[in-house]
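Listed next: structures, encoded as structure tokens.
Both complexes shown next keep subunit A, but they swap its partner, so subunit B is in the first and subunit C is in the second.
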Partner chain A sequence: MRRWLARLHTLNPRWLYLATAILLIIPLVILIPMPRGSASRATRGLYDAVEAVPADGIVMIDSSWDQGSRSENAAQLECVVRHLCQRRIRFVVTSLGTVFSPEFAQKTIEPIAAQAGYVYGRDWVNAGYVQSASGLAPVISALALDFHTIRQADVRGTPIGDLPLMKEVRTIRDVRLVYVVTYAPSPEWISFITGQFGTPVAFGCMSMMAPNYYTYIDSKQLCGMLIGNRGAAEYEALIRHPALGTRLSMAASFGNAAIILAAIVGNLGMWAARRAGRRGA
Partner chain B sequence: MTDPLAVWVGAIVTLGVFSYLARDNPFYRLIQQAAMGVVVGIQIVVTWKQVLQPMWLSPIQGALAGTRDWTGALWLLALVPGSLWYFQLSKKWFWVSTLVSGLFVGVAAGLAFKFRILLILPQIGASLKPLNPFAGPNGFTWEGFLDSSNNLLFLAALLTTLLYFFFSVKTENRWVRTPMRWGRLMIMVALGAMFGNTVMTRMSYLIERMQFLYEMWLRPLFPG
Partner chain C sequence: MRRRAVWLITFGGGLFFLLEFLLPARTPDWLGGVENPLTPFLPSATNFLIVVSAMAVLLGPLNLVRRYLGMIVRREQGRLEGAVFLVFLAVSIVAASCEGANIHRAFDTLYNALFYGVQTAFFASSMALLAFYLVSAAHRAFRINNLEAGLMMASAVVILLGQVPLGDWLTQGLPDAFQVRHAAQWILAVPNTGVQRAVEIGVCGGAFAAGFRQWLGIGAATR
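So, the complex of A and B:
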């Protein structure tokens, strides 16, 4: 047994990659019911913030992600849009991230909005890409003061002023909540939206960026945050609509279990190899 | 409905990127270069179509043709500071570019002050947390006790971490060294949390690609 464990030390890592890939596919092929944990304070905060938006209120979503962070941001956008549709709350989408972001947002939101009977232009608008190469601070400041000067046409080229919903959205004071979903949301949103105007801001970010933002949850500068697919899965449980986030977080649970197992076995292998080396000496 | 050709291209590119796990190969490098080229190309087209054309060129054209407000022609003035940047290419005329770069630095500095103050000041206030478990409206409660303990841990972590970065005192003293060690431990815990989350993110990348390969590419190939 010890000799077998010691041989793990010389195992080609490619076998580990293959084993991980196979293990991750299993929960995608077979739906395995797994126990759900309770929603974290950060997730619950965003849910409560959406619940607090009045029926005639408008929410602004900055969907600034593309293929690079689709693995977590897609589920985070989906679940919040679904919640807004459940509550019949209207929303405006912008993309301050990359040029690809408006298309990814459109593809994610369109089926959910259509299913909920939302009419484009009246109930929701995709305002498109907002150039922010010179820095987010001036763009967010300008966006907060006059939306129509920053985007004069939506993603389809329709003049912003011609869209019924946009006639009600001029400044950030016309918006009840801002939800920023991207790889690493910029803290400028906190300063220039919550800090200056008092409009609540929530983030949806990649898991690895979450430790940077916990402090803003604690200080109540952020009203809520979805952390990776786990956050999306928690949110889906709150709105009672398990979807992409739940499925992906199940697969992630398998992956995490594989990593823990590999770490234990790897350490046992190292221990066995050291012992064998000592005996050999 | 996703275009089957797009799915096949996506699958081949994904497998090409994964092929790097076996060894570095020309196919992988081709995909890497192509991805860079595609991103730059699309960036130029979208910036022109969604930003420069509707927000800069169209108002000018409309004003000159008389179909839009004359103020649209004022956008021509943007060419003046914009062209000043190109003087950076000349050693003799470099100073001209400093007119516009100075303006940018000034604006950025002003906004940075505002940004930092609005971001950091509430953090200082939020660091002052109640430590007395008896101070709640219902006197001593189990939840209040847990909150106070959590706040005490937070305060200990905050002060010892700050002490760790305080380089003005000698660290031989046991009364300073012990809290500093505690501060270092807190930093390590925070970094550990970051590392754990990083692993989760990397895992998510892989899962998303696995999901794409299985659901969009393989499953339609073998229906039923």
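So, the complex of A and C:
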């Protein structure tokens, strides 16, 4: 038995890859019902912030994710947009991240908005990509002061002033909430939006980046945060619409289980190999 | 002369953004109620930065084209890969430009095939591979050799389980306060937050010093 365990110490990683692939495929193919715990403080904060937006209020969404972080950010964007559509709140979408971001945002939001009967230009606008290679701080600051000068056309090339919704949005003061969803949102949103104008800001980030932002949740500089697929799943439970986040959080369960099992197997193998080595000596 | 001009532009630009941020939007009435004179220029200055950074972004592809064309002309090793890169670059530029201009459906199809079929799929796959690397790293590197490693491993397991429904399922029979998600939240909200604050203070101090040196032109890179 000990010799068999000792072989786990030098297990061929291909067996691990195979086991991981099987574990990740199972929840995507078979829907496994699992209990959903109550929403965390961070998720509840974002939900309450959206609930606090008045019916005639406008929300700004910075959707700066692309294919790399799509597995978590897509669900985070979907659930919040669905909530905004449920409450008939209008929203403007920008992308300060990568040049691909507006396209992913458009593909994610369009079906949800269409299902809710939202009219593009009147109820929602995708203002497209804003080049921020020179630094996020000046771009965020300038966007907050004069949106129309920084972003003069939407993603389709329509002059921004021609869109009915954008006639009501010139500065950040016309917006009730800013929701930034990307791989790792920049804290400069907090400095230049919440700090200067008092507009609440919320983040949607990858679960591995979330520990960086707990300080802002604690100090209430961030009104809320969705942490990976779990945050999206909790939010979907709050709006009573389980969707992509719920499904992907099941897959994340199995992925995390694979990591824990691999660590246990590695340690068992190490201990067994050490004992076998001592006995041999 | 040129270095002095660069220094002047750097210093002036930094001073503009610094003063625009530090000066109040409006002085109190007893000071005259004067609006910040720099704020109206901020959107134009940012547009200038956006244009300059767009030009800088273009430098990358131009350099790559020059390098790979040179490899092909000089018949160096790797010229085949360079040729493939140049062909795909040209095709992508044409497809993306014509897709936006609504010229012909064939360009839309080509664009979708290149972007969603190739680029998105490759990018997502390379990020998905991280899952397998993580599992392999957990097997090889997460070894409990001492107390500190044991504590780190235990906290990692708690957080890994607390962030997914599996943890809720495993501890669903326990009282609410003993469920793993609360333990994970405590670890993230208490010890992690304290350490993050300490790290941020250090990082911000270093970033401030580095930025200050760059702004005043006294850093090693400006000599």
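Keep this in mind: the second predicted complex is superposed on the first by the 281 of 281 C-alpha atoms of A that agree within 3 Å, B and C clash if a C-alpha of one lies under 4 Å from a C-alpha of the other, contacts with A are read in each partner's own complex, and residues count from 1 in each chain.
What we mean here is this: contacts are C-beta pairs under 8 Å (C-beta built on N, C-alpha and C of every residue); 3 or more make two chains touch, one makes a residue touch a chain.
No experiment lies behind these values; they were computed from the predicted model shown.
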Superposition on subunit A - do subunit B and subunit C clash or fit: clash
Partner chain in contact with A:Gly228 - subunit B first, subunit C second, else both or neither: both
First (subunit B), second (subunit C), both or neither touched by A:Glu188: first
First, second, both or neither for A:Ala252, with subunit B first and subunit C second: both
Subunit B versus subunit C as contact partner of A:Lys220, first or second or both or neither: first
Which of subunit B and subunit C A:Ala262 touches, first, second, both or neither: second
First (subunit B), second (subunit C), both or neither touched by A:Leu28: first
Touched partner set for A:Ser40, first subunit B, second subunit C, both or neither: second
Partner chain in contact with A:Tyr17 - subunit B first, subunit C second, else both or neither: both
Which superposed partner A:Met206 touches (first subunit B, second subunit C, both, neither): first
Subunit B clash site on subunit C (candidates 2-10, 74-82 or 164-172): 2-10
Shared subunit A contacts, counted only where both subunit B and subunit C touch the same residue: 17, 20-21, 24, 70-71, 100, 131, 134-135, 137-138, 141, 157, 207, 210-211, 215, 218, 227-228, 230, 252, 255-256, 259
In the complex, subunit B residues that touch subunit A: 21-22, 42-43, 46-47, 50-51, 54-55, 104, 107-108, 111-112, 114-116, 118-119, 122-123, 125-126, 190, 193-194, 197-201, 203-211, 214-215
Sites on subunit A touched by subunit B in the complex: 14, 17, 20-21, 24-25, 28-29, 70-72, 98-100, 102, 128-129, 131, 134-135, 137-138, 141, 152-153, 155, 157, 187-188, 190-192, 195-196, 206-211, 215, 218-221, 227-230, 247-248, 251-252, 255-256, 259
Subunit C-touching residues of subunit A, taken from the complex the two chains share: 11, 13, 16-17, 19-21, 24, 34-37, 40-41, 66-71, 100, 103, 130-135, 137-139, 141-142, 145-146, 149-150, 157, 207, 210-212, 214-215, 217-218, 227-228, 230, 233, 249-250, 252-260, 262-263, 265-267, 270
Subunit C residues touching subunit A - in the complex, by the definition given at the top: 17, 20-21, 39, 42-47, 49-50, 52-54, 56-57, 100, 115, 119-120, 123-124, 127-128, 131-132, 134-136, 138-140, 142-144, 153, 156-157, 160-161, 163-169, 172, 179, 181, 185, 188-189, 192-193, 196-197, 200
